[in-house]
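Both complexes below contain chain A, partnered by chain B and then by chain C.
Coming up: the complex of A and B.
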């Protein structure tokens, strides 16, 4: 909080050495590892031509896969918007025993390999697992349904919401809320009129990243989804299947659509974060 | 910062916070903690001896070895990249800084499957570089280089993401002071910057390790899943799972989980230290 408030010194531009070396290394690494491979995919799309591309992505199975992926990711994001905000709020505003541990738990989905998460969630929610037993008795099936996909997506993407909202909440001066209390505002009015406007850009940025992550998730989902075409087959998996059939055009076309989504969402998230930073500066 | 958390607002009921805390703890126990604990519960379901037998199975050992080699190559390169990127962005101003940060984050938003497909289209037999690679008898896909490359793609942002915000928050005043005292670039980095960022760097490196050994989607595209040859640990987990060897799958998964837990412990230690120093 103290450090964030200090504006970067506006002085001589290149005081510190190593600019060329560090920027050169960064650009080289990014070009070789990230940009050129992504370019290879885009070139493949260009080579394919728009007619063929459209034919592949408008095939019934691909459309179904995109629908399932988007629907599940949207539900997972709504869940995480609420759960992530709750976690950020509780971790910033209250003191209670075990808070540190709870905070550390929010990094679990980040550190745990997705295949491991998928394996564990599948076993937990299958008919003989800890939670599956209870849910099965209530007539709810999670594993091998879209809810399994939602669960896997929500698990892997929740840290993005929590970790984006947390620092903004930490910066939010409780005096504003206290002032609202003295003016007679109830808890909901305070949240809606004082807290929400301040955290909205960051919250939306976090949700956008979580949505993007959900769209791209693979490892956790293949275990739990059952992967039935038209029912529980996600777009990333369909691309993978096309690849195994040596249908490189099919894989590339689906991958290009996912890439498009990812880049648009990444841009949106960055614009939101930029807006959030501007908003916070404006507060000071 | 923590003072704010302690002040309860006058007139605010105490029950609200209690309900919210209970809800947060309950949901986290069910959705986050249970899957973590469950891996060890299932891995040790047959006792220590079954566990050891599963881990010491030649195929599992080979998968562990392959994933370890991958991490040993990827993590140092990623650490170097992370430091370079953070140094360039945090300590200097240049046009396109924002764009650079966005590009660093690309692998976060892109599905690992897409990453795998990109690499296949570049280095695969029918890929852009395919004919050249074949003419020179170089095997990238379905071999260690492909696994390493795609893992580098997927884990690219991890170190930079931990180090960059810290470097930005700390500013450059200490380094600038070192310059006026006549320190060389290397001296500034090792004596001033490195001690300031070492814990975040360590956390980033361990997190990167956890994700490097655990990378699944991208690697499953480029590895070809050749049993005993290009089968990394997470692919082996899937293989055992599909073979209906659940205990074996969980035993293999537990080794990956241990690395994740180490990452979390370092993070906890890091936060404990930063809080303690009054930052």
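Coming up: the complex of A and C.
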């Protein structure tokens, strides 16, 4: 850095032209689309004062909504962590007929309007739906319970896990596993000691995004959850109800808490990834 | 451990990668597999390691059938072409891997493993690297760690795939000597793959020349250099100039060539093909001779000539620049070609002209210099 101050400035030619322009545009866009709304939300929260804020978010109905949302999102994420990893593994490691179709289907939850997803899940799992009948007979109710919320969250967020793990798994050098084999490692040891450490950062990143997405999921859930306050009412829906009642402060406070969760999650995920990838640091 | 391979074949889809390989390696021997890229060297090595499976053939080690043994149970040390070190483990843990994955009943205690790793680090002279990650090592250092990881399980057979392929020339020479020392100290049976003749001949007890899925010749440096067994080996060993000749009771004759220096060859009379290295061709000015000097280029130490013949085509010759008659060898001069050394093979059907292959007929990227 100090040499730059002494030596006459030499400007390296950039490969892409218009660096300043493209960076400027991106920053402007980011500001308009992300930063300003978030800032507005925070200002709205600040406007009402800490006492009112606390009163809103600690009301029994709000606390219940947060609890339900967090619990359901946590369960959905655990399910997706396992199933998403398995799915990515199958898609990368095995050849079978219909593989490309399956791979394409992985994007359906991304592409499908969430309301459509919610409606079809409700139809399938309601007492007279295909799956619902069977589960009903076994004494399990999905629709109008927290399991309905979990189901909707899991459905909409599974691609995040699959699509972050998949490319990393594809790039994994097969020689690493072969080396482990020649050193006497069995399949389980190879997975735990060679494959898992390599995909762990991506896996965690995928799970975090899936969790964040589940916290904010709305469209798919409201159809299947029944939306009973204290029982199956999620935080995003409560914020929406407050907005409908022209209670802007109430809506903003709940939204702020959700935003807080998302930011904490993002930070935790980044720290974890930083730790998991520590061996890449300080490379020459 | 002695290795006996016979009739090994392997095909990937439509390509025959190995077409009947027979090879015996005795206990404690250091053998080089030498051949151009794509000749099936890596595939052969991987079959021995249990990472690939042959379509037919036998592989026995100490008279035990290894084709019924999983790779995990073969106890071989394999050093991969690009090292394949575990990137998330420190050097110490990489070397300890083979010991620490053993089933609990056979696994040595933590202290024993640590002591063993220390011993290995010391033996390979990389003690100072113990706590680094592979990403923080140079190519030569990674190579040593990879070898340490393979040796830590005390393998009966050590297999190395182009162990020095990715390193620069000075480090290669260093590591070559060092590997020989390691081999002699451990007494393991070692097979290593290379496409570099110099490396193969300098390091190995015996060299196995492979070409397109077949073993072309097995032997020592001098024999392979002077008496290539097949046209493939002759070309691979640098005999890149080929002349069509006629055999007459074992003597070869051709227009404008003096082949009297070559010993008689027990081949039937008729057309044959002579393989020679450019540096084994001497040019003798002779006004009546049919060869003309088409071009003359100096690289300082040597003069490289391109010669042309009205019927036979072109040939190349390398002459030391300080030879007595160098001044007479000017473009357009008529010359006779005296072949000082070369090998004669039965004619390949349909080829009746001289041909010159550029010395590096294997891909350029594979060349070490």
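Structure notes:
The rule we apply is simple: the second predicted complex is superposed on the first by the 253 of 284 C-alpha atoms of A that agree within 3 Å, B and C clash if a C-alpha of one lies under 4 Å from a C-alpha of the other, contacts with A are read in each partner's own complex, and residues count from 1 in each chain.
Here, a contact is a pair of C-beta atoms (placed from the backbone, for glycine too) under 8 Å apart; a residue touches a chain by one contact, two chains touch by 3 or more.
For clarity, every value in this text was computed on a predicted model and none was experimentally measured.
In the superposed pair of complexes, A:115 makes contact with chain B only, with no contact to chain C.
Legend: residue contacts after superposition of the two complexes on their common chain; A:240 is shown touching chain B, with no touch to chain C. In the superposed three-chain model, the partner touching more residues of chain A is B, compared with the other of chain B and chain C.
In the overlay built on the shared chain, the residue A:133 is in contact with neither chain B nor chain C.
In the superposed model, A:141 lies in contact with neither chain B nor chain C. Contacts of A:176 after superposition: chain C is touched, whereas chain B is not reached. In the superposed pair of complexes, A:279 makes contact with chain C only, with no contact to chain B.
Of the two partner chains placed by the overlay, only chain B lies in contact with A:34; chain C stays clear of it.
Applying the stated contact rule after C-alpha superposition, one finds that A:96 touches chain B and leaves chain C untouched. Where the contact sets of chain A with chain B and with chain C meet, they give residues 173, 178, 181-182.
Every residue of chain A that touches chain C in the complex is listed here, in rising order: 173, 175-176, 178-186, 189, 193-194, 197-198, 279-280, 282-284.
Within the complex formed with chain B, the residues of chain A that make contact are 1-4, 6, 8-9, 13-19, 21-23, 25-26, 29-30, 33-38, 40-41, 43-44, 83, 86-87, 89-96, 98, 100, 102-117, 119-121, 123-124, 129-131, 151, 154-155, 158, 170, 173-174, 177-178, 181-182, 187, 209, 212-213, 215-219, 222-223, 236-237, 239-240, 243, 248, 251-252, 255, 258-259, 262-263, 265-267, 269-270, 274. If you check the complex, the residues on chain C that touch chain A are 49-51, 71-78, 80-82, 84-90, 97-98, 101-102, 133, 135-136, 138, 149-150, 153. Note for the complex: chain B touches chain A at residues 1-2, 4-7, 9-12, 16-17, 20-21, 23-25, 27-28, 30-36, 38-39, 42, 77, 80-81, 83-85, 87-89, 91-94, 98, 100-115, 117-122, 124, 126-128, 149, 152-153, 156, 169-173, 175-176, 179, 184-185, 188-189, 207, 210-211, 213-217, 220-221, 234, 237-238, 241, 246, 249-250, 253, 256-257, 259-261, 263-264, 267-268, 271-272, 279.
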